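Listed next: structures, encoded as structure tokens.
Look for chain A in each of the two complexes below; its partner is chain B in the first and chain C in the second.
Entry: the complex of A and B
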């Protein structure tokens, strides 16, 4: 009993907004000293183009396993935050698990497992590749990389600014939820029915928290908008010179080439193995 | 040479009937250090925003007259060019930071304006603001004072002629406030920048500023040298500005006929030291609040807490903290920014859980108490009142907690509270749209709605002008009768001296001192170690006579008198 209490307290603790905020920050900026974070974003984007697209069109399981192993390694190298990995596992297995159950329910048999495994492998490979690139790199690098490939300035600014505003939004959200917790009166949640009512209450609170959240954030961003004007954001958006200077920080280094050649070699070996067998 | 010249500047916000600025003609000399003073809503910020072209170019409205900055007409020059002449630091400076790392943010404007040496400029600005060595830090690793310095560096990187700061020290502890002003003085003296501050801490004006400009209801009253400006005690007070306590004390002595009428009033402690002598100072000993007699309301036992950090090891706030709060205590919780004041409050209301040790309320561990039970006993008012407003009117906000608990007379009690906190007229307004003082009062009313036994207030007087602050202090004194035990976390030492009967000083996760105001402020060792600053009148008393302990101007007037003749000869 004691242990289950402890466990449920622990899980509840994990689900706090504070924890989410911490994970978002960790994900964006907490791993900027890894191999992946040190790489040139343009190279990583090219790399992603391959591992994000090719697995969809290949059905050979050896090749897929090869790719999967590679992206697993890169994910480990990127030191992605725990929450993201958890969401990844949950996403992949709930998706294919659900398909398996549906197949079995509607008269399929265990022979469906093999093709489903291939699908799982595909989804997992592509997801891990995305995780490596989008959460291993810090948002500013990613934004610069996209800008180099000609994405509009507004998009890249939005990416890096979103990460800046997200912790503020979550902090604000947390404070409002705390207000509800301090002043609200949630229903008893000892028994199952109580728990359901409690869940409904919580969802209700979250919905109601949006109104003050939006107003508070709007009030705060009034200053930010004026500052962007003063600091020449609009000016830079149309000025080629400023863009060039922003991108001049990008450099392809030995590490990048090494990474590319290693990935290429690995893929080549996977292809070879799959044609052999 | 004048850097700023305005002629017949009249401005009203879009849709407003009354102009905010009325026919202002003023010129500000290059190299000046000017303080703009005036009551809330007199147009100080509006005036400053008209200097960097945000008004009328970004914020439209009815603009008449003209403003010239460094010879440029603000209506004809674009905001970008003006930004290189006038830097602006907002009051809510944390919203001014745009980039995630320090150097990035400091050089952001230069990068946008395509200056090839943007990094060097950012570095130089950081250097000038004393942030060297923090270039690669993330902005959330900075303390409040450092964040303000970064906002300043961001404006400074363009090397503007003029720097405008809107209430630069409103949210900072004295050590950080001194640091900001020291940086500003250096920028003014060494780099020849013209500095304009909106400020209502007149002690700082007396110490640092060269001129004072008084605005009253949108009209310019005068621009005078600081010494002269602060002499006008009555005129300033009529605009809700309070001259330094030294000046007020001398002024009152003068009115009582104890000082020569024509005498120049002192504005700093140094000047005051020359003027005043000890009469018959009897330190007014506070009656020792019978410590052991009263019951314990809440207690901390071996409490340790740490925060998760983005990188590296968690940040420890408390380790092994022990503390008792007794019934009927009126506690002021003081300490520098980040000493753990807010954390302590969050522990008490159960919003945070200690990683080891326990917090007890009425002898029971709060781990076993449900938040809704806890909130009947103990209530907390946040530093930021906006976070307390979860409904669309303050009437609904005040009654929310009672209605959630189906309290029988919630309607009547809401009306009582609205009446008591003078909010009846405003009860249908959204809390966020009220003025600073009204917001504060509303948040206090929300806090006491459930008649808690213990009330926690986080910085109740921060960001308020002096008049509003006085008003809130009166409200707090009234509340002594309503709530048995009150804890206030604050930097406001005047509030501490006039209100609290027990002071707890936090420093580095430990209780550095705990006792009456005589025990805390009389203890030089603690004051120096923790970096708290007693009210100016207390320091003045000490400067004249080391054993004096006076906390209010009345105390001071009882114990000291002027030596008018010698002072004049000096």
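Entry: the complex of A and C
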């Protein structure tokens, strides 16, 4: 009884589309004045390349703790939205915690904790580094940075487009859901069976709502592509001169170098500590 | 003549299909990422997949644009936008989603044939999940040091991964992939194609059925996904080898620290300098 209560309550609470939209928008556009947001995207991507890759290959727990502390600080600097941090904590610790319980069930003893701790530290460091870079940065800046490194034009277009279309899509989805609810007749949800039926009804409505959404989005994407064609998008995507003009806004400043060298110092010190211990 | 008979999707229509799939599937994966999962015992109940969206579209439009659009949408909306980008793991997800959706789209030559649609939807989901499971097992084997030495861990990984595969296939696969696809494909058929200025797919205009080239391409792509994981293993031994080669690790670390201190100092001095310059310019 209690479990099913939690089940339906939890899903329905989080399904408030307004809440999700606010959090996503806050994440995308809400923190443009932080230290991280003001930095050059190319420097941040190099930084991410290190902290996103190196922890996977290192098994020294002291070094990993050092890296973890550094990315925690940068995440705090980036002022990431609460929901993202909540998801991060839930994701990291439920995953490895779950693995630990099953390991104990299969007759492993406490010796299983150390490798799992290392795994948790690795996952946490890598995800926090990505939270810092990808959610602390302005989407357009990020797209420009990726383009500078020669990523496909499609990808940077997708990032910029996604951030612009998402609020519109979410609002439309919510309107369709509401209209379905207005016309629909939800089942009673007093008892356990009724609650399950109600949940099935909700999922059913969501799936049905994608039918008009698909048709509307098809129309919209045709308009988008036609407008892009008028502006010569596919020509500009392969033209070097247009690319150069687009990327001329990027500048590396002293703050970026300071950030990079401070990170280097921190890493070097943690390597030093790990060799002494 | 043959070009006229084909389901002629030109470049801008392919871009339309790409944008459409990316926006829709991205929105859906954003929801799945945000809705918490429930675990009752070890049975996981989650709205894991909205895979029915790209599956449906892949059966109606050009499969490769849909497959790439879906994978990009997932990457951009739910990983990069929420800051959950996981590096190497994302490459594997990108490739498995692409293969699964593409295979399902190629299998269907006539979207009005319900049996074929159902089979392709289930098959595409199964392919995607199976590839993901294989890579997951490999990943845990490489990431945890002394994998074999920890009692009970290898079995538990195989057990949880195998169980998650069956659970996902039977729960999410049927509820969220098979049934919605069966519902949506016949309804959208003939209605959504004119909106993008295309002819509906028929038996005659469909691209040729799955040949050895497709299978070979998928195998090569999967090899890339596994290759990323093998790279991880090689990288591991490379770093070990370097550490053994360096005579004294702590001497190297001291050197690195000294270099870092110098770098920080240099940047601070540069910064002061440029600030002074700016102040002079203002005067």
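Keep this in mind: the second predicted complex is superposed on the first by the 260 of 277 C-alpha atoms of A that agree within 3 Å, B and C clash if a C-alpha of one lies under 4 Å from a C-alpha of the other, contacts with A are read in each partner's own complex, and residues count from 1 in each chain.
As a convention for this text, contacts are C-beta pairs under 8 Å (C-beta built on N, C-alpha and C of every residue); 3 or more make two chains touch, one makes a residue touch a chain.
Predicted, not measured: the structure shown is a model, and the values here were computed from it.
K.L.:
Label the relationship between chain B and chain C on chain A in the superposed model as either fit or clash.
P.N.:
These partners fit in the superposed model.
K.L.:
Just to be sure I read the superposition right, which of the two partners does A:175 touch: chain B = first, chain C = second, or both, or neither?
P.N.:
So A:175 only meets chain B here.
K.L.:
Which partner does A:269 reach: the first (chain B), the second (chain C), both, or neither?
P.N.:
Only chain C; A:269 stays clear of chain B.
K.L.:
Answer with first, second, both or neither: which of chain B and chain C does A:183 touch in the superposed model?
P.N.:
first
K.L.:
Per the contact definition in the header, classify A:214: touching chain B only (first), chain C only (second), both, or neither.
P.N.:
After superposing on A, A:214 lies in contact with chain C but is clear of chain B.
K.L.:
On the superposed three-chain arrangement, identify whether chain B or chain C touches more chain A residues.
P.N.:
After superposition, C is the partner touching more of chain A.
K.L.:
Applying the touch criterion given at the start, work out whether A:229 contacts chain B, chain C, both or neither, answering first, second, both or neither.
P.N.:
Both partners, chain B and chain C.
K.L.:
Thinking of the overlay built on chain A, is A:83 touched by chain B (first), by chain C (second), by both, or by neither?
P.N.:
The answer is second: A:83 touches chain C but not chain B.
K.L.:
Of the partners chain B and chain C, which touch A:246 in the superposed model: first, second, both, neither?
P.N.:
In the superposition, A:246 contacts chain B only.
K.L.:
With the two complexes overlaid on chain A, check the angle at chain A between chain B and chain C, Cα centres, nearest 10°.
P.N.:
100
K.L.:
When the two structures are overlaid on chain A, which partner does A:29 contact: first (chain B), second (chain C), both, or neither?
P.N.:
The first partner, chain B, only.
K.L.:
When the two structures are overlaid on chain A, which partner does A:161 contact: first (chain B), second (chain C), both, or neither?
P.N.:
Both partners, chain B and chain C.
K.L.:
Measuring by CA atoms in the overlay, how small does the chain B-chain C distance get, in Å?
P.N.:
In the combined three-chain model, chain B comes within 7 Å of chain C at the C-alpha level.
K.L.:
So chain A touches chain B in one structure and chain C in the other; where do those two contact lists coincide?
P.N.:
On chain A, the overlap between the chain B and chain C contacts is residues 28, 139, 161, 163, 211, 215, 219-221, 224, 226, 228-229.
K.L.:
Within the complex, which stretch of chain A touches chain B?
P.N.:
On the chain A side, the touching residues are 13, 18-19, 22, 25-26, 28-30, 138-140, 160-161, 163-164, 167, 172, 175-176, 178-186, 208-209, 211-212, 215-216, 219-221, 223-224, 226-233, 235-236, 239, 241-242, 245-246.
K.L.:
Taking the touch rule as given, give the residues of chain B at its contact with chain A in the complex, in rising order.
P.N.:
It comes out as residues 52, 54, 58, 79-80, 83, 88, 90, 92, 95-96, 98-100, 104, 108-109, 111-114, 116, 118, 138, 140, 154, 308, 310-311, 349, 351, 353, 371-372, 375, 379-380, 382, 384, 386-390, 392, 400-401, 404-405, 430, 432, 446, 449-450.
K.L.:
Under the stated contact criterion, what part of chain A meets chain C in this complex?
P.N.:
Result: residues 3, 6-7, 10-11, 14-15, 20, 23-24, 27-28, 52-53, 56-59, 80, 83-84, 87-88, 90-91, 94, 98-99, 102-109, 111-112, 115-116, 118-119, 122, 126-127, 130-136, 139, 142, 154-155, 158-159, 161-163, 165-166, 169-170, 173, 203, 207, 210-211, 213-215, 217-222, 224-226, 228-229, 234, 254-255, 257-258, 261-262, 264-265, 267-269, 271-272, 274-276 of chain A touch chain C.
K.L.:
Going by the contact rule at the top, pick out the chain C residues touching chain A in the complex.
P.N.:
11-12, 15-20, 22-24, 26-28, 30-31, 33-40, 42, 45, 47, 52-53, 56-57, 72-73, 76-77, 79-88, 143-147, 150-153, 155-157, 159-160, 175-176, 180, 183-184, 187-188, 191-192, 195-197, 232, 235-236, 239, 249-250, 253-254, 256-257, 259-261, 263-264, 266-268, 270-271, 274
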